[in-house]
Every structure is written in structure tokens, then in C-alpha cells.
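Pasting in a structure now, in C-alpha cells, and then I'll have a few things to ask.
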Amino acid sequence: MPNYIKIFLLFVVIAPNGFGQEKEPTTPEATEFYEPVPPKVIPGTNGTPPSDAIVLFDGKDFDQWISSVDSMAVKWHLNEDGSMTVKDKAGNIQTKKNFGSVQLHLEWKSPAEVQREGQNRANSGVFIQQRYEVQVLDNNDNPTYTNGQVGSIYKQGVPLAMASVPTGEWNTYDIIFHAPEFSRGGNIVEPATVTVLHNGVLIQDHFVIEGTIKYIGWPKYQAHGKAPLVLQDHKDNSRVSFRNIWVRELD
Amino acid sequence: MPNYIKIFLLFVVIAPNGFGQEKEPTTPEATEFYEPVPPKVIPGTNGTPPSDAIVLFDGKDFDQWISSVDSMAVKWHLNEDGSMTVKDKAGNIQTKKNFGSVQLHLEWKSPAEVQREGQNRANSGVFIQQRYEVQVLDNNDNPTYTNGQVGSIYKQGVPLAMASVPTGEWNTYDIIFHAPEFSRGGNIVEPATVTVLHNGVLIQDHFVIEGTIKYIGWPKYQAHGKAPLVLQDHKDNSRVSFRNIWVRELD
Amino acid sequence: MPNYIKIFLLFVVIAPNGFGQEKEPTTPEATEFYEPVPPKVIPGTNGTPPSDAIVLFDGKDFDQWISSVDSMAVKWHLNEDGSMTVKDKAGNIQTKKNFGSVQLHLEWKSPAEVQREGQNRANSGVFIQQRYEVQVLDNNDNPTYTNGQVGSIYKQGVPLAMASVPTGEWNTYDIIFHAPEFSRGGNIVEPATVTVLHNGVLIQDHFVIEGTIKYIGWPKYQAHGKAPLVLQDHKDNSRVSFRNIWVRELD
Amino acid sequence: MPNYIKIFLLFVVIAPNGFGQEKEPTTPEATEFYEPVPPKVIPGTNGTPPSDAIVLFDGKDFDQWISSVDSMAVKWHLNEDGSMTVKDKAGNIQTKKNFGSVQLHLEWKSPAEVQREGQNRANSGVFIQQRYEVQVLDNNDNPTYTNGQVGSIYKQGVPLAMASVPTGEWNTYDIIFHAPEFSRGGNIVEPATVTVLHNGVLIQDHFVIEGTIKYIGWPKYQAHGKAPLVLQDHKDNSRVSFRNIWVRELD
């Protein structure tokens, strides 16, 4: 549902009555509504997918993904334990499907054996809509710039906390992302927002994204529509692994 | 037109297209609209009423007004020059008609003979919707608190400039007021705003009103609907005069 | 951190530059920041408290709680399995501590043995700040009004999905709540918002709360400060159980 | 004053107190403020410039203007009655000075002798910041598309009324314009707004401008700073005249 409709509905619900036109109800029943009925969803357990989720990776294959380099088959490692690992220099991978606003779950792990420092330690990233990166990094005893540390919205949003598990163990990201909305002419009208729970700890709290991330320069929005989810090959043999990736579409 | 509808229309006009759904026009005609046709209004000259204005006072009578004290006939002075003058202790007067958002024009004059100081110098006020006061005061060589000086939104909004004519001459107020909007439960949802030109000089610039004015205490909104325009008797023989009062309804 | 500061910071970060005053950076380092450093938090597992959480209930005692009826000791049942169960007619219970914006985790369970229908089936509620209720109800094969069903913001916000586990099993609520902000005079300036994950499924998505809930009538805000968390005794022998309750303060 | 400061101040004034931190005043004096003192401005009469205005054209010369074609001296007609008239094919003219938010007054007149129809009748325009056009057109008995008629924000904002004087007489435009604000990266953050009184009649009421006007296509913002005021040569021998042009800077 586009935001302007949501905002309209919001105003219909909470807003002006011209005062006195909508009488204060006098019975409980007057404020009880029966339709529409929300869908029933069977929840997962410990991060496994709910019944209405689109499973993007369950460890069996790369069927939902292509290489971002050549749009061909993914060349990353498919592991026997149901995870995948970035293959150095193989390039980013991305979903075949495009997404707007989503609830996104994924799990990631740095290799237990530590190599290099700062941004060159185990480094990857989750690029929502190909543009807005939630940083993946082994930050344990490995300081870096705070707007580039694990859980940051890269070069924009410092996380509220550093909530990683020990290096080599599985981290979870539970992400609620709302896609930006643009005017017909291409102006940003409603910036994207993102909420992130890192291992259950709130680290991004309805953060307002400032625009497409730039490595050099200020973020800026360029109008776009639905777009793939991208996982990053940081091209330094970072060997980050991922598993249990699913989304629920929110629009 | 209530604000939520305006906001909705605003969003329809300027807002989201899901990108790519609404194609960029390729002809000039594609962005030219013919309906609805705005009404034709014959403008006044030098502040006299446009053809679609509701004339509240043209100097002939108090037909549009009642006393705020007893809802009876107005006891203020009706002058031969087409103006009215506050009668001391006669109390405030108010329009019979209730108003929402309006463009309001009025003219006021302090007596040429100066008496007393500060707020006790020639003092009156224009209470829009009975609650939101644009201060009327002879401030010439008569300093007072800035949020109570001529052109202030009393106890809230300091004017951007002090633009009075010499004491004893006619001042004009051209006011654009948008009524506040409340939720069905009575919360303030959209605060009132006011723009004031004092003798043609912008002194309140889309000022966001904080609530009903209190002489003692912080302003607070109480839900209300359309309400009369009130002119103040400050009860200290201030003898402020008014003339040429008209409104155009904006909703 | 109060919202007006956050909004100010937001504007400092994303907003106006007068154009040309803040030059586009030409190096990566120009957009990398090192301070302040976010705190390190050791996450829990499967909903157990992170290291910086305030544990409100861990199954051992009611030390963090009092009765809402008489401010005396809580008379609900303390169970051997580390949970508590509502004691019929014992009344609501509430935390001793007051809270503003929080991340809140709790788990709840309906009795396996089903009794009664609709709102009279196992019914309780989580009243954030004593006023804003996230509904707790056994809705399995038990329809009721949608703005009163499990996971609703009672009488306001229909959940996006019905994501309960089978009756008799433990449900989780992960809640991100932002307290409302009021003007100095008591107007609502920034409505409260709430996000709820029910068993990991997003069911309230930054929902804008309309005011204090009324059983009869429209919601309305009354200015308030920090306030306790309340758990409801619905007074119909609903026998809902709770466990593992913790909060992280967000302001 | 940039908008983010204004918004910050707004929040300081009207917004959150954490409740109970800022006590309700108990004396009138507690809500009376004395500094800073607004500047004194001597108002004009009938649209003549107030004492603090920048006079852009008083009929004597084109000293404040250059040709938009070649940045050289203006080639429009300077008339003996203190007005100027567009010279056909001489091109637009613009102020030497750049402006942000302004109160702008100007007067314009169509030639008494009517020629041609629609947009080809006496046509000119006031381009605020070189981009946002308030349409100037002889619409008397001359219908055209409503978002291109006299007083429209061209191709965007239909005027609330058609308030022209008879062809050949002088019209006034009193305009309150707030410049758009852009993020450091160039996103539109605060759209421009414009209020227009046409011969004293409110025809644009805090209209939110959607972007730089395009003759073909949707409006779109491009980040910019202060910019000149431009008067249009519509290049069809429209012979529109202007006089009495002044601005007051609002930032």
C-alpha cells in the first residue's frame, strides 16, 4: 500500500471531524470492528520462516539468487550445514525478485579464524533495494568508524548498540524496512526507514535513511521502484556466511 | 475543505507513483487542466471588500454583531465617519456568524490623544474563533513585552516587525487564518496557523499557534468548531476604533 | 532522548545546507565518524534478556511489581516453571518503575483448557505506560472484533496478521514503543508509536497511537510522563500466564 | 534563518517538556518576554515600499536588473509613468541580486488593446528564484487551462480565484515565498511554499510547490541556493508592463 494512501487512511482514522460531526460513541460496540479479518500466519520458531514468508535461502540451493556481476548462476559456496559463504572475487549476489517494503530475517557468521583489521576484517553487507546497506562486519575487538561498524546503515546510521555474538557464531538480523516514495517527477517525498534487531537487540530504531549510500560523498536519493536484495562480496576474502533468509512483503 | 482532504489531495498531486507507473508526459497538453474553473472575484481597492467577501462592518450598523456579555445588541459607539469605537466597560463584541479558516481584513486606530503606558495604552484585540488573539495596541514610543506588542499572537508569537502608523492614523490588518483540526476524540491534529500583514508588512508568517491563549499559564488546545470573531473591550477606556471589516471563508 | 532533540539532530544530519555551504566530500574518510562509540551489549538467546536489559520478571519473584489495586504485594500465582499466572479478581499488577520509550520483551500463554468465547476466552493485556494496551487473547478458533483481537492495539489498531501459536503454548511479544510527547501546555505534539513482533511476525508496524484507550468512546491523549507497565486481570478467570519479561529503555 | 533552526525553535517553544519538568506558570509575568525586540518598520501606503524593503524597480531605471539573455543591460521599455514594458524578443530580465525567502510586491498591467487568445494574449510571468513561476496573463474573457491562468503557479497550482482588474488597469501581486531547503546531498527536504494575494484577494494559500516547473513533464526539484527574480518576455509581443517592485528578505 503506497504511503499516501496510508497517510490518507491515517487521517481518516485519527483526524478531523469538523468537531461535533462525529458523535462520541456511547456503547462499547460502537468502536468494535469485524472486517477485514487479518490473515492467519503460522509463526516460525527461533527465526525460522513464518508460513507466509518468501524463503530466499534455506540452505538447499541458490534458486532465488543470481550473480550481480553477470546475472548468471551464483558462484558462492553452498555449505553442507545449510549455509552459504561469500566466494572471494565472485562478486555480489542478488535476489531474482524485486522487493519494496519488507520484514527481512537473515543470519550471518564471520569465520572463527580472525584475519586483518577494521573494514578489512570479515566484511559483507545487506543492500536492501540494492542501495541501502545494513553493515555486516566482525567488530569484536576490532574498532572502526561508528557509521561503518556492524549494524550501521553504512555511512549514515550509527547503531544504538554493538550486539554481536562471539566471532564464529551465528548472528541474526531482523529488519523492518519501508521503501522510499517518490513524486511523479522523481523527488523524494517519503524517505525510507529501517528498524534492525541484532540478535534481538534494537540497534536501528525507525532510522530515516538519507539516500542512496555513497562511499565518497553525501547520500542522495534517486527515484527507483522495487529492487533486489543484494549480499556483498567485499573482495578481500572476508568469507562471511549467511543462512536462513526470508522476507515478508509489507506492501 | 478540511485539512485531511487537502493533505490527501496534496499527496495525490505531488506524491508517490510507485515509480514508473505514471509516465513522464511528452507533450505540454498532458499537464494542462481545464476544470474546475476558479470563481471570478471582483477585487476591492485599498482594502475594500472583494465581491465574494462577507462584510462584517461597513460603518452603517452593528447588524452582524452582538455583545459577548449578554448576546444582546452591541453598545459600542457607531461613529459618523463609518467606524466604531470600543465603549469602556461595555464588554467584547462578537460576530453572529461562526467562522473556520478565513482571510480577514480590518482596520483599527488608536485615539490621537495618548493615555497611560504599556498594555494600558490604547489596547484591544482581534480574537479569531474566540480564542486566538492578534494584539491591537498603541505601541508607538510605548514598549511592552514583545509577545504582547502590537501584531503579536498574544503571549505566543512575537511579530517579525513593528509596523504601526503614527498614533491616531488607521492601521490595516490582513490576516490569513487556518483553523485547527482535532481528532474525533479531541486531540489537536493540525494546529492553527496565522499570517498577518500589518499595513502591508508581513509580521506573522504562517505562525503555528500553540493553543488557546491563557493570560496565566501555557497555551492549550481544547477541541472546538467554527466560532465567532471577537473584538476586545480591554476595560481601561482604551477607545480603539475599527472599520472596514470583512472576511472571505477559506473552507 | 526527547523527540525534539532527535528531530533537531535529524535535521542537522539530513537537512538544509543553504546549498554550497557544505561541500561534497572528496575522500571516503570525510564521511567516517568515530565518536561516540555505541555501547557493547551481550545479546540473549531465544528471547532471554540482553546484558543491558532491566529484567522485570525472571520467574523467581514479584520484586519489580505491585498490585494496581492497592499498591501492595502482588497476589498473582508464581509458578514453579518460572512463570506467573493471573489470579482471578486479584486485579491488575504494575511495575514499580516508570518507563518512557522502551524495547519490551515478554512471553504469554493461554491455558490449554479452553473456556468461554470471544473476549471472555483467556484475555489479558499489556498496558504500556498504563494506557496503551497490546491485547493478549486466545483467538484460536475464537473470532472477535478485529480491533480487539490478539495483537491489536485495543480498540485502535488491527494487527497485520494473527500469528498465535496453538493454545497452551508460549507466545512472544517483542515491542518497540515510543512514548508520546506533549507541549508544555499539555497538547499532544508527537503521538506514541508501537511496533510489535508476535512470535517473530510483524503485526504492528510503527502504528501511530491515537490516544489513551477508552472502552466506550474515542481515544484521547491526556498529557503524562513516564508510567508503569501494567498486566491485566480481565476478571473472568482468564488464567493467562506470563514469563521472561524485560525492557531496554530507549530514552 | 534556515528551516531546520526554525523547526528546532518551534519545538523548543511548543514542544515536549518531559512533562512536569516545566511547571505551569502561576503569574502573568512568567509568560511575558522582552527580548529580542522586533525591528521598527515604517509601512508604505497602497503598496509602496516599507522602510526596510529592497526597491527593485521604482520607475527611474533598471539599475537592479540585467538581461537574462546576455547579462547585459536591460533592453525593455522604461516608460514615463514610472513603469516598464516587456520589449518583444528582448528576452527575460532578472535581478542582479539573489534571493531566498521573500515578501514580494509588484504591479502589472496588460495593454488595454486586446490581441490574440489564450496563452498568447498578454502573457508574462514572475519567476521566483528563476524557477517557480507565478503566472501573469490577461485572462479577462480569455479562458485557458486553469493551472496556467492568471495567478496560477504555472503547471502546478490552480489559483483559488480569478481576481484580475479590467484589462489595461494595474494589478497587484503580494507574494510570500519560502525557499525550498535541500539536504547536503541535494534531496528536497522542505518544499517551497507560496502565498499570493492578487489585488488583495488570496489566490494561493501556502501552496506547496512540487519542483522546478517544466513546460513538458512533471515538476522536479534540483538543489539550488539563492537566485534572482526573473520577469518573463513571452516572445509574442505580449507588452505586459510592471511597476513598483520591492522585496523584503525573510531569511
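Going in written order, the chains are labelled A, B, C and D, and every chain counts its residues from 1.
Just so it is clear, a residue touches a chain if its C-beta (ideal position, glycine included) is under 8 Å from a C-beta of that chain, and two chains touch if they have at least 3 such contacts.
Note that the structure is predicted; figures quoted are calculated from it, not measured.
For A-D, the equivalent interface among the listed pairs A-C, B-D or B-C is B-C, as over half of the contact pairs agree by residue number. Distance from the centre of subunit A peaks at B, each centre being the average of the chain's Cα atoms. Centre-to-centre, using mean CA coordinates, subunit B is 23 Å away from subunit D.
Centroid to centroid, with C-alpha atoms defining each point, subunit B and subunit C lie 44 Å apart.
Centre-to-centre separation between subunit A and subunit B, using Cα means, comes to 49 Å.
For subunit B, residues that reach two or more other chains under the stated contact definition are 14, 24, 183-184, 187, 210, 214, 217-218. By the touch criterion stated above, subunit B contacts subunit D in their complex at residues 10, 13-14, 24-28, 30-44, 46-47, 50, 52, 103, 105, 143, 145-149, 155, 158-165, 174, 176, 178, 191, 193, 195, 197-203, 205-206, 208, 210, 214-218, 248, 250. Those residues of subunit C lying in contact with subunit B across their complex are 183-188, 210-211, 214, 217-221.
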